[in-house]
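These notes open a run of structures that come right after.
Each of the next two complexes has chain A plus one more chain, namely chain B in the first and chain C in the second.
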Partner chain A sequence: MNGKIGAILRSYGLLLAMAALALVVAVIQPRFLSGDNILNIMRQLSVLGIVSLGMTIIIIGGYMDLSISGTISLVAVVVISMQQYTSAALSVVTGLVIGVVVGIVNAAVVLLVKAGNGESLILTFGMQTVLQATALLYAKGYSIKAPEGSSFRLIGQGTVGFLASPVLIFLALALILQLMMSKTRSGRSIYLTGGNKEAARLCGIPVSWYIGGMYVITGLMAAAGAIVLSSRTMSATPTMGTGYEMDAIMAVVIGGTSLKGGQGSVTKTILGVVLVGVMSNALNIIGVTPYMQSIVKGMIMIAAVWLDSKKTGGGAAFAKQSV
Partner chain B sequence: MEPVLSIRGVSKMFPGVKALNNIDLTIESGEIHGIVGENGAGKSTLMKILSGVYKKDTGIIFMSGTEVDIKSPVHSQTLGISIIYQEFNLVDTLSAAENIFLGRTGEAGGRKRMNDRAGALLESIECGVDPRRRIADLSMSEKQMVEIAKALSFDSKIIIMDEPTTTLTGKETEKLFAIIRRLREKGVTILYISHKLDEIMELCDRVSVMRDGQLLGTMAATNLDRGEMIAMMVGRAMDMEYPRRESTAGDLLMQVDHLSTGKLQDISFGLRKGEILGLVGLVGSGRTELARAIFGADPVHTGTIAINGKGVRIRSPIHAIKAGVALVTENRKEQGLVLDFSVARNITMASLKKFSSAFVMQSGPEKKDVADYIDKLAIKTPSPLSKILNLSGGNQQKCVIARWLETEPLILILDEPTRGVDVGAKYEIYLIMKDIVERGGSILMISSELPEVLSMSDRVLVMRDGRISGEFDPRQTSREEIMANAIG
Partner chain C sequence: MPSKAFNLIKSQKALVVLALLFVAMCFASPYFLTASNLINILVQCSINGIMAFGMTFAIIGGEFDLSIGSTMALCGLVSVMLQPYLSIPMVLLLVVAVGGVVGLLNGFLIAHQKANAFIITIASGMLVKGIALTISDGSPVIGSNAAYSTIANGTILGIPHAVTLFFLLLIVAQWVLTRTAFGRNLYAVGGDATVAAYAGIKVRFYKWSIFVITAVTAALGGILLSSKLNTGSPIHGDSVPLTVISSVVIGGTALSGGEGSALRTVVGLLIFSVLDSALNLLNIYPYYQLGLKGLLVIVIVGFDCYARNRKKAVA
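Up next, the complex of A and B:
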C-alpha cells in the first residue's frame, strides 16, 4: 500500500472498519442508536476505560502489565467483603492501596531482573496468576455480596446529571492522566523512557523511578476499575477481572498507541475504548454469542497489531530495548 | 576484455528524493574500485541496487557484457555479486561453516563436508578460524573473514564491502588489505566503500566520487589527490580539514586519581580549562570504559574525581550532569538518539528541568532554545519537529552535541564524535569544538582517527590494556610514535 491512501488506511483503517460495523448494526437493530443504549454503552465501557488508562501509560513507557486482571479480581473481592466489617470509604482506600502495592511489587521485580519489554510481559503474567489465585483463596471460591444500602453503591450506580458516575470517574481520570502525559516533565520522561530507555538514562532521567511510577499507576487504575465494577453489581466474584488485560491492550492498540513504546496518548486510548465498547454492544444487540464475540475480538486484535507493526516497521512488543 | 560491471543511466527515486540520478559507471574485472561520497550521496542506494535489495527505476546493468535484471538478493548472489555489510549479516548462534553455507547444507554435501569446505575457504584467505566455532565467539575481524569466505563460496565475481574497517584495529586492517589484494590476483573485483580516504588511497586502483545522487567522476589511483577528492565530495574547495586554533588551555579543572573498574587499572590524569584532551588507543584498550566511568554510566569504580578542587561523587548520569560532565556516546543510534522523536525533543531531553516549572513543561522556552541551537550549530533539518531519524549522520550528531551543550557542562566527553559523519559536517563539528573551548569549556575527545586527534588536541593520552601508557604533545609527536605506544 503506497502513498497517501495507504497512510490513511493504516492510521484509520480500523476506525473505518468499526464505523462500518456500527452502521450495519444500526440498520439491523435500530435500538442500537437509542439514547438509552448509548448511555448503556458508556456505562459499560467505563470500567474498561479506567483500566485501559493505566495500560496506556505502561505501554507508552515501553513495558507491559498483564497482571491487571488479577488485581481487579483481588481488589473486587477484598473491597466487597470488607464492607461487612468496616465502612465503604475504608474499603475503597484499602482497595486502592492494594493496587499501589501490586504496582510496586511489579516494578521491583522488573527492575531486579533488569527486564525489558518482552520479559515484563511474562513477569507480570506470573504476577497475575498469583493475584488471581489469591483472590480465589480469599473468597474461598464464592461470590460475595455487599451489604444492602451501603453508600458504596453510589460509585457504580449513582448519577451526576445525566452522566452515570462511572463515566464521570473515567473521564476525570482520563483528563488528569492526559494532562500529566502531555504537559508535565513526568509525562515527557515516560515517553522518552519508552522511546529509548538507555538514552533516557544517560540523559539523567531517573528511569527506574519512572518504571516504578508507571506500574503504580497501572495498579491503581486496575484497583479503581475493580471498585467501580463491583459497585455496579454490589457484589464480587473472584474471577471478575478475567479478560480485562486483553481487552485493555486491545483498546490501547486499536486507539493507535504502538506497542513499541514512546508513542501514543491517553486520548487515543479513549477512542479505542469507545470502539471496543461500541463493538461489544453492537455484537450483543444483534445476538452474537459470547464465543463468536471472542473470535471477532481475537481477529480484531490480530488486525490491530498487524497494522501497528506495518506503521512502525515491525518488532513492536519485543523490540530490542537496551537494558 | 569486457568490464565485469557496466552501469548505464541508472536512476532511483524515493518519495521526495532522487537518490540516484543517471549513474554511468564501469568497473573493470579484477580491480579494487573505491567509492567515496558523503552520507546521502547515494553510495548505499547504488550498492543496494547491485545486491538486489532495491530495484532501479531506469537504466541498464551489464555483467561481463550480458544485460542483467537483478531481482532479489538471492538472485544477485547467483549472478556473482556478494555484499558484506558494515554490521555483517551473520547468525550469532550458528557456526562459521553453517553461516557460510546458510540454507545450503544439502548442497554442501552434509555436515562433515560442509565443515571441510568452509575450512578450505577460510584457509584460502589465510584465516585460521575453526569453521565449527560459533559466530558469537569470534572477533569482528574474524567475523569479517567469515563473510568473505561466504562470498567466495558463491564464486562471487564482485564483492562489495561497505565500510569494512570501522571496527578493525590497525593490524587487522592490514590483514584485510592483504586478503583483498590476493582476491584481486585471483580475478575477483572489489567495490570498496569507505569514508577513510587514506585507506582508499592506499588500497584502490580507481576511485569514483559520488555526491547528491550523481557520479562526479572516476580517477585512477596514480592521479588521486586527497584535497581534490574532498572538494568533489563536498562540492566546494576545503582549504583545510581542521580549523586553526590557538591553545586556550588554562588552569586545572578536573583531576582523576586512581580510577579503577573491572577493566580500568589505576587511571590518573588531569584536564585543564579550555583544553581539548585527546584519548587514543586500540579497540578494547578501555577508552569508552573510562568515559563511562567518569560519567557515571557504569556505576562501579574506585578512585576519586575532583572538579575545581572539590571532590565529586559520580555514581550515575544524574550525578555527572549535576557536576557539569556531559557524554556524547560512540553509538548514537543505540544509546544517543530517540529515533522516533523529533529533533526538538532529542535536543531538550537531558535538560527537562530547565524547561519546566513545577513539573509543567514550558513550550515557549523549549522552542526558543531548540531554534537557537539549530541555528548556532547549523543543523540541517526541515523543521525542529522533524523526526531525527530522517537527518543525516552528521546532523544527528550535531543534535546530540546540542543536547549536551544545553546542560551547560564544564566538561564535554566526546566518544568518536565524527564516526559515520561526512566530511563537510566533520569540519562543522570541529568548529563547534573550537568554539566550546574558546569559551572556557573542556573537551575529552576519544577517537580512532589519529589525524583528527593530532590536529584537534592540545594533549594526547594513550591507553593500553586499561592503563594510561603515555602522554604526548601532538605537535611534537608522529602518528607512528603514538601507534607504537598504543600497541606496546
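Up next, the complex of A and C:
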C-alpha cells in the first residue's frame, strides 16, 4: 500500500503540490481563484511558455541553448523599431527570420566543432553575449517605443472571445510542437538523438539535420516570445531578454523533462510553466515582497528537482557524448 | 625542431593567444606596458580568479556551480553588515562559514541525493540571492570599518593584497591538484565516476567537497570585492558564474571533466583581463567590447572542442 501511495506521489507530486498551493492561497485570498485572476495568470505566463517550448525540444534532443535571452533582446528592439516605417506583418516576419538565422548559426558552430551537451552550453553562452551586444548597439543602449496606432499591438493585447491572444499563440504553438514530438518521425528521431546519438546515427537518422532543426525551432520560439513580449508593452529595451534562458530551463525541468536528454515532453513543460506562473501570481497576491519571493521560489525549485532526482536516480550533470 | 614548436603551439592554444595579444598591445599602446597598467590587469583578474580556482576543481571533478555569484554577493554583504558588531577576524571567519553552509547544502543535494547540479545550483543561487536582497532591503551597504578596505587595497612593495592572495591560492590549488592524493582522486572522479568508485575512491566525498570548495572561494571573492569597493551589494555577481566558467574553459580545462589545471585557468583569466585592458586603452566602444568577448568565447572553446574530438577520433 505504502509503495503504491509513494508511486502516485512521485508521478503526480508536482500536480498535487500545485493543487495544495492553490488551495492554501485561495483560502487566504479568495480573489486568487476569480476568473479575472486566472486569465491574468495565463497572460503572464504565455511569453515564458512560448520560449520554454523551444527549450524543451533542444533539451529532449540532448543539447542546450543559452542564446535565447540574446535573441529575445535583439528581436524585440528590431521589431519595435520597425513599427515606425513599415507594416506590422513585415516586422513580425523579420523578427522570425532573425530567430531562424540565430538557430542556423548556433547549429553550424555546434556541428562544426562537434560539441557535446556541456560545450553547447558555453558556445551558446558566447552567442548570447554577441547577440546582447548587437541588441545594445542596434538600440544604442536606449529603450525604444513604438507609435501608438500600430496594429502590432493586437498580437500582445488583443483578445479572441475571452482568451487573450498571447495565450492563444502559446497554446497553438504548444499543440503543434506536441503533435510533432509525439506523432511524427522527426519527433521520434529527436528523442532518439537525445537518448543516444551514436545509436541514432547507426539507425540511419541524419543526426546533424535534426540538431540543426532543433536549434532553429529554439531560435524561432525565442523570436516569437520576443514579438509577443514587446507587443504587450509596445516598447523594447536592449536587455529585455535577460534571465529568460534560465527561467525557461527551470520551467522545462520542473515540468519533469530530464536534462540528460531523450525524455520529457511538451505537455510536461506546460505543466512546469503553469506551476511557475501560478507560484509567482500566488506569492504576489498574498503580498510576499519580491525579495522574499526569490527565497520561496528557490526553495520550491530545489524541492521539485530533489523529488525528480528520487524518481530518475539522478546522475552526472551532462551525458558524455559527442556527435 | 620546428615540429616541436608547432606541437607546443597546438597544445597551448590559450597561451599562444595570450602571448599574441600581449605583444600586439605592447606595440599598439604606449600605456599598456606600464607597471600601473599591469598591476591593474592583475587586480582585475584576482577576484574572479580566486573563484575560478574553485570552479577549476569543480570542472575537473565533472561538476559545475552556478550559485557562486549569489554566494559572493551574500558573503560580501554579510561581511560589511557585521562590521559594526564584530572584530574583523570574527567577521571573516563567519563569512567563510556562511559560504561553507551554502556549499554543504549544494553538496548534500548533488552528491548525496544525486540531484542535477545545473538546476540545483541555479535554484540555490536564487535562494541565496533572495536572502541577500531581504537582509539588505535591495540596496548597497557601505562599510563602517576603515581597516576592512585594506584587506584588498593594502599593498606590499606596490602589489595589492588581492593580487598576493590570488597568487598564494594559485600555488595552493596547483599543489593540491598535482601533488596530493586528493587532487589525483579528483581527476579520477571527473574522468569516470563509476570506475573511480570501483577503484575504491569515495566519490560522494569528492563531489561533496567540490561544492564546499567553490562556495568558500565565492566567500573569499565576496570579501575581496566588498573590501575593494568598501561596499556590499546584493546585486553584485549576477554575471560571475558564466564568466568564471568561461575563463576556466578558455584556459583549456575540459567541461567533460577529468582534466585541466589551475595554471591553465590563470591563462584563461589573463586573456579576459588583458583583452579588457586592451579594449579600454584602444577606446573601443563598450558594446563592441561585449560582442568581441562573446566571439572570443565561441572561437577558443570551439577550437578546443574541435581539436579534442579529432584527437579522440584518431586514438
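The criterion applied here is as follows: the second predicted complex is superposed on the first by the 294 of 323 C-alpha atoms of A that agree within 3 Å, B and C clash if a C-alpha of one lies under 4 Å from a C-alpha of the other, contacts with A are read in each partner's own complex, and residues count from 1 in each chain.
Heads up, the rule we're going with is that contacts are C-beta pairs under 8 Å (C-beta built on N, C-alpha and C of every residue); 3 or more make two chains touch, one makes a residue touch a chain.
Being a predicted model, the structure only gives us computed values, none of them experimental.
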item	value
Touched partner set for A:202, first chain B, second chain C, both or neither	first
Broader residue contact with chain A after superposition on the shared chain, chain B or chain C	C
First, second, both or neither for A:262, with chain B first and chain C second	first
Which superposed partner A:163 touches (first chain B, second chain C, both, neither)	neither
Partner chain(s) touched by A:22 [first = chain B, second = chain C, both, neither]	neither
Which superposed partner A:250 touches (first chain B, second chain C, both, neither)	second
Which of chain B and chain C A:185 touches, first, second, both or neither	first
Which superposed partner A:271 touches (first chain B, second chain C, both, neither)	neither
Contacts of A:111 with chain B and chain C, given as first, second, both or neither	neither
Residues of chain A contacting chain B in one complex and chain C in the other	322
Residues of chain A touching chain B in the complex	183-186, 188-189, 191-192, 195-196, 198-206, 260, 262-263, 322
Sites on chain B touched by chain A in the complex	295, 297, 317-318, 320-321, 327, 329, 334-341, 345, 349-350, 352-353, 356, 359-361, 403, 407
For the chain A and chain C complex, residues of the former touching the latter	66, 109, 112-116, 118-119, 121-123, 125-134, 136-137, 141, 246, 249-250, 253, 259, 289-299, 301-302, 305-306, 308-310, 313-318, 320, 322
Interfacial residue positions of chain C with respect to chain A in the complex	62-64, 109, 113-120, 122-131, 133-134, 137-138, 193, 242, 245-246, 249, 255-256, 285, 287-291, 293-298, 301-303, 305-306, 309, 312
